[in-house]
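Both of the next two complexes hold subunit A, though its partner changes from subunit B to subunit C.
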Partner chain A sequence: MDNEKKPVRVHSKKGKKRKETLMFIIFVVPALAFVLFATDIPFVMNIYYSVFDWNGISKNLTFVGLENFRKIFTSDKTYWTSWWFTLRFTFFYVIIVNAISLAIALALSKENRFAQVGRAFYYIPYIISLTAISLIWEFILGPAFDSLYESTGWSFFGMSWLGKPNLAFIVLVVITVWENVGFYMINYIAGIVSVPRDYMEAAKIDGANRWKAFWKVMFPLIMPSVSICFLTSLTFGFKLFDIIMVFTKGGPVNSTVSVAYNIYKEAFTNNHYGTATAKSLIFVAFILIVTGIQMRVTKKQEVEL
Partner chain B sequence: MKRTFATVLAGTMAVTLLAGCGSSGGSTSSSGTQSSGTQTSGTQTSSGSAAASSGNVTLKVFDAMAYATDEYQTVIDQFEADHPGVTVEIQHAANDSNTILQSRFNSGDIPDVFLNEPGSSAQLYYEYAYDWAKDTDTLSKFNSDAVALGTDESGHVYGLPWTYETMALTYNVDCFNKAGITTLPVTMEELEQDCEKLKAAGIQPFAIAGKETWVLAQMSTHFIMDKSLDATGTVEGLESGKITFADLPHWQSFFKLLDLIKKYDSDKILETGWESSENELANGEAAIIHMGDWAQANYTKMNPDAKLAFLPVPVGDSADDATVLSSVGWLYMVYKDSPNLDLAKEFCEYVLTSEQGVKWMTEGVDAVPASNTHTEMSPSGDLPKDSQTYIQAGKTNGWIHTIAGSSFSDTVGPYIQGYLLGNYTADDVTQAFQEYFSSQG
Partner chain C sequence: MERSRLTKGTVITLIISILWLFPLILIFINSFKSDSEILNHFLELPKKLDFSYYAETWTKFGFPKLIANTLLYTVCTVLIVVLLAPLAAYYLERHKKERRCRIAFSLIILPIMVPFQSYMISLTRILGNIGLNNTKTGYILVSAGLCMPLAVFMIHGYINTIPIELEESAYIDGAGKVRTYFSIVLPLLVPILTTVVVLDALATWNDVITNQLVVGSNEAAINMQNALYMKFSAQTSDWSHALPGTVMSMVPSLIFFIFMQKYIISGATSGAVKG
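Our next item is the complex of A and B:
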């Protein structure tokens, strides 16, 4: 029996291994190849181009060493204003979008008809196409505000919302929060419903008020949701591009030029491809550092159930 | 069983993913005759309906504008009919054409014929472009001033000119009549008096597209222009440092105009986009904007009865100083290593000089062609006719913004916006312009 069984077992072990390798190839390799071709290889090429002076079209690349970086750090004012804008934007966006979506999630986490309708209501902006969003807001800030101003006379409606740098900044934060709040809300609801009800009940019995129960019991337990929402909102804020591209074009007076938009302009309008890749490398390094720190901080806060 | 199913599913998904990736380049060039009204935006592709027989040639054309695509399609159909077995595949990329063309070059999908604005944009592609210098028969079919825009210092001709485009202040004739303005202002002081008259008649004097940095930047070039040097001379002088903004004869008038705009335009000037600017002018809600005759088709669509005309920019003290700037909108360039070089050359010549092609440019696009083969046909719109008069009278000068480098509008435009908002002084703006030109040298 044993003599017969052994080879079979060895064979099955080998077979299992082979099967695992096969599974690996089938499942991981396509995705890996895709990421490699679409992200990693271009990234490495990026590093290569960043030391050249190249207009993006010509066959001739001139090696300039670190000249591109020197220029960025010494004489590119617009790039650094775009950093200032992006950091300010990210700061306000992350705080506001997370606070609002968490509040909404808490209100709508119960299973009833009202909550279901409410969730759909908040989620809709997230699935509307960007072009439609830009049209909607152009209408709101244009004709809609104009006629409201005529009928009410409130100066709030008469302000040049897209024509003044500070106001345009507020408009951008409002639009992006309005657009994305549904996404973060769903994430938070997923976290909230997974918290066992008895924990909250136990807290209540122990005499914790609702505020305390939320901060001391609920919040630590939904930390994985908080962590992922912070990460996505941080990267969204840093990478802000599309709404700028279709909505403000960086204006007025360059006040809404984000780093990503500045890099795009440098590469494709100014035709300084080398400088643009150098800028994007600085950008990538910064995002990696910030998100790394953020993950570390929030991971520490997570507790096991 | 379940696992096998999952494997198959995953495999299919991966394949679809890769397939989707592979075909993304081709998806922009679907075939079938697709056409739309004049000047559509976005990327759309149409290709000739013609021959599906074997052994045929496909000519790839990259079109950076989409003016009167119906009439354009007629030209292409005719070309295909004259050349059996030839299919013309056109990509109309009116929005973001620079980016799309660049990615087509980078990815090796180089079109046989491609369009660029003369000046800085076209120069990027000179090393890929066929040199027409020896094709004197072809070149003789074009006005020499227009050919010059695609010619480099050593006499190589890298592109054939399409139509003239002319820009200046544009005014609504009915508005001026209503306000009792009978002669065009030739100084800023007269312009201010006319603004008062317009205001008294209940018409908003200006509706400048302050949101668009390119409109503001184009407007500024009238004041940079030194007529004794023309466009090329002025730009070269500024870039080399031979002249500075302090030497420019009319530069300070620019701020007089901006002050007038601040006073007589809407409070939300930085929110006005080019479409609403054109719309307000065409419908007589505002009297003066800065734009070119390329907008004629839009004006006609917005208000078929609109009566419009150019107002030469009153930069100085007399009518002789006032500027109208004119150039060629696009250069047709041929890829020099194209396998269909001769066909591509023939295509350009056909589109730009044949009766059918000239008909497209004059009747469809409503513009003045740069070719001289069918001068009996001329555009019918107010502005192109107006610009033809100025061109023939020799009162136009070249464009500065297209030869001043590709980042001109993006760099100086925001400073002009800042001046209109009161964030920058005239000196700040002048310094920004000066630095821009010095950095180009």
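Our next item is the complex of A and C:
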């Protein structure tokens, strides 16, 4: 019996390994192939192109080593202006969107029908397309404000909201906050409803007013939500692109060019593919540091739950 | 049962929530008006529900074709993702100690961490080289490829919470891996798959950036949002057509939101890592 069994087992072990590889191919490779095609391979090619001088069309690429990077760091003013814009935008966006969405979440965290309808209202701008968002706000800042200016005479409506750098900056913050508040609100509510009600009641019995009860009891307990929202809004700010491309297109006078949009323009408007890929690598390094922290914090939170 | 007692704060927040939707309401009421009516009476309700601007926009900008394209993209993207992502997520979760699985998983979730701008440039080059730029096929492949990472990541996390014992008893009963997957695992994944379907359907329906990059202005392959963007976004003055167009492009998302609210909102919290 033993003699018979042994060779069979050896054979099946080998067969099993082959079968596992087949399973890997059936289960994993199709999905992997899509991701490789759409993102991983282009990502690696980006690294490759960053050491060439290339206009994106011609067949011959000139190897320039780290020259693209040197130029970016020494003489590319527009790139660093776009960093300055992006950092300023991120600063205001993170503070405003988190403050407003947390306040809304606190007011709408009760489980009744009013609160549910309210939540849905705040969430709706988050699910409509960028084209719609940009057309809606073009309409408001254009014909709607013009008409209000004529009837009221208030200079607020007569200002050139998309024509002056500072005003366009404010408009951008307002639109992105309006669009995204619902997303952060939902994440804050998820944290708030997980806080046992007894805790807040105990704080009240102990004589804490609502302001104090919130900061001393509630806030520490919803820290996981706070960190998720904070870091998500931070990376949103750094990666700001879509609304710039669709809405302001970087204007007026290039005052709203974000880093991501600067890279896009370098590639597709100026046809400097080499420089654009090099810029994108610097951008990636920065984003990876931020998302690295984000991942770590989110993972920690999973354990705590 | 909790009493639905409304505090002052809640009432104020509810009133503001209506203001929050005011931009949308404004677009809606003005979509029935002529250009001069819009300019002179934009805050008033339309005198009558005049659908002629909708009808004009519908034919003038070829909405049937745009809807057909956008629907095709949404259905194909969702089908590809919902078919392939759980397969990969399941295998990668259950074999996470193997090296090839760790490598494959890292490759799949890499795009969640790196920004789109770090691969879009070469992606358009690749599509050009293999003749897929400006085509429907090219767009569908890219769209599915971009939706895949987060889908795999979310399903992977979900499978982590499903006890392995169920599958083991199926193995003991002699079922192979493929059969175990389809008869035991897949039915358990329905909640997370619903969330994935809803999120990716909305993302594909609303997409403008990827369509713009892959098909540009090719009339045959353009989707609805990109078409509206190309026609109206350059400081339009043709509001009597732009507004009905905007409303028509939003209505499907809004109806979808009303029915799928629960899944959309649960998707917002489980996909929070993406940013």
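The criterion applied here is as follows: the second predicted complex is superposed on the first by the 247 of 305 C-alpha atoms of A that agree within 3 Å, B and C clash if a C-alpha of one lies under 4 Å from a C-alpha of the other, contacts with A are read in each partner's own complex, and residues count from 1 in each chain.
To be clear about the criterion, contacts are C-beta pairs under 8 Å (C-beta built on N, C-alpha and C of every residue); 3 or more make two chains touch, one makes a residue touch a chain.
The structure displayed is predicted, hence computed values, not measured ones.
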First (subunit B), second (subunit C), both or neither touched by A:Ile96: neither
Touching partner for A:Ile287 - first (subunit B), second (subunit C), both, neither: second
Subunit B versus subunit C as contact partner of A:Ser58, first or second or both or neither: first
First, second, both or neither for A:Val195, with subunit B first and subunit C second: neither
Subunit B versus subunit C as contact partner of A:Pro252, first or second or both or neither: first
Subunit B versus subunit C as contact partner of A:Leu167, first or second or both or neither: neither
First, second, both or neither for A:Asn271, with subunit B first and subunit C second: first
First, second, both or neither for A:Leu87, with subunit B first and subunit C second: neither
Contacts of A:Pro42 with subunit B and subunit C, given as first, second, both or neither: second
Partner touching more residues of subunit A, whether subunit B or subunit C: C
Touching both subunit B and subunit C, residues of subunit A: 23, 26-27, 30-31, 34, 38, 56, 142
Touch list for subunit B against partner subunit A, complex: 7, 10-11, 14, 17-18, 21, 98-99, 102, 105-106, 124-125, 127-128, 210-211, 213, 267-271, 406-407, 410, 414-415, 417-418, 421, 423
List of subunit C residues in touch with subunit A within their complex: 2, 4, 6-7, 9-10, 12-14, 16-18, 20-21, 23-24, 26-27, 30, 38-40, 42-43, 80, 84-85, 87-88, 90-92, 95, 100-101, 104, 107-108, 110-123, 125-126, 141-142, 144-146, 148-149, 152, 177-178, 181, 202, 205-209, 212, 225-226, 228-229, 232-233, 235-236, 239, 242-243, 246, 249-250, 253-254, 256-257, 261, 264-265, 268-269, 272-275
Contacting residues of subunit A [partner subunit C, same complex]: 23-24, 26-28, 30-32, 34-43, 45-46, 49, 56, 103-104, 106-108, 110-115, 117-132, 134-140, 142-144, 146-147, 178, 181-183, 186-187, 190, 228-229, 231-232, 235-236, 239, 241-242, 245-247, 260, 263-264, 267, 273, 276-277, 280-281, 283-284, 287-288, 291-292, 294-295, 298
Subunit B-facing residues of subunit A, complex: 23, 26-27, 30-31, 34, 38, 55-60, 141-142, 160-165, 249-254, 265, 268-271
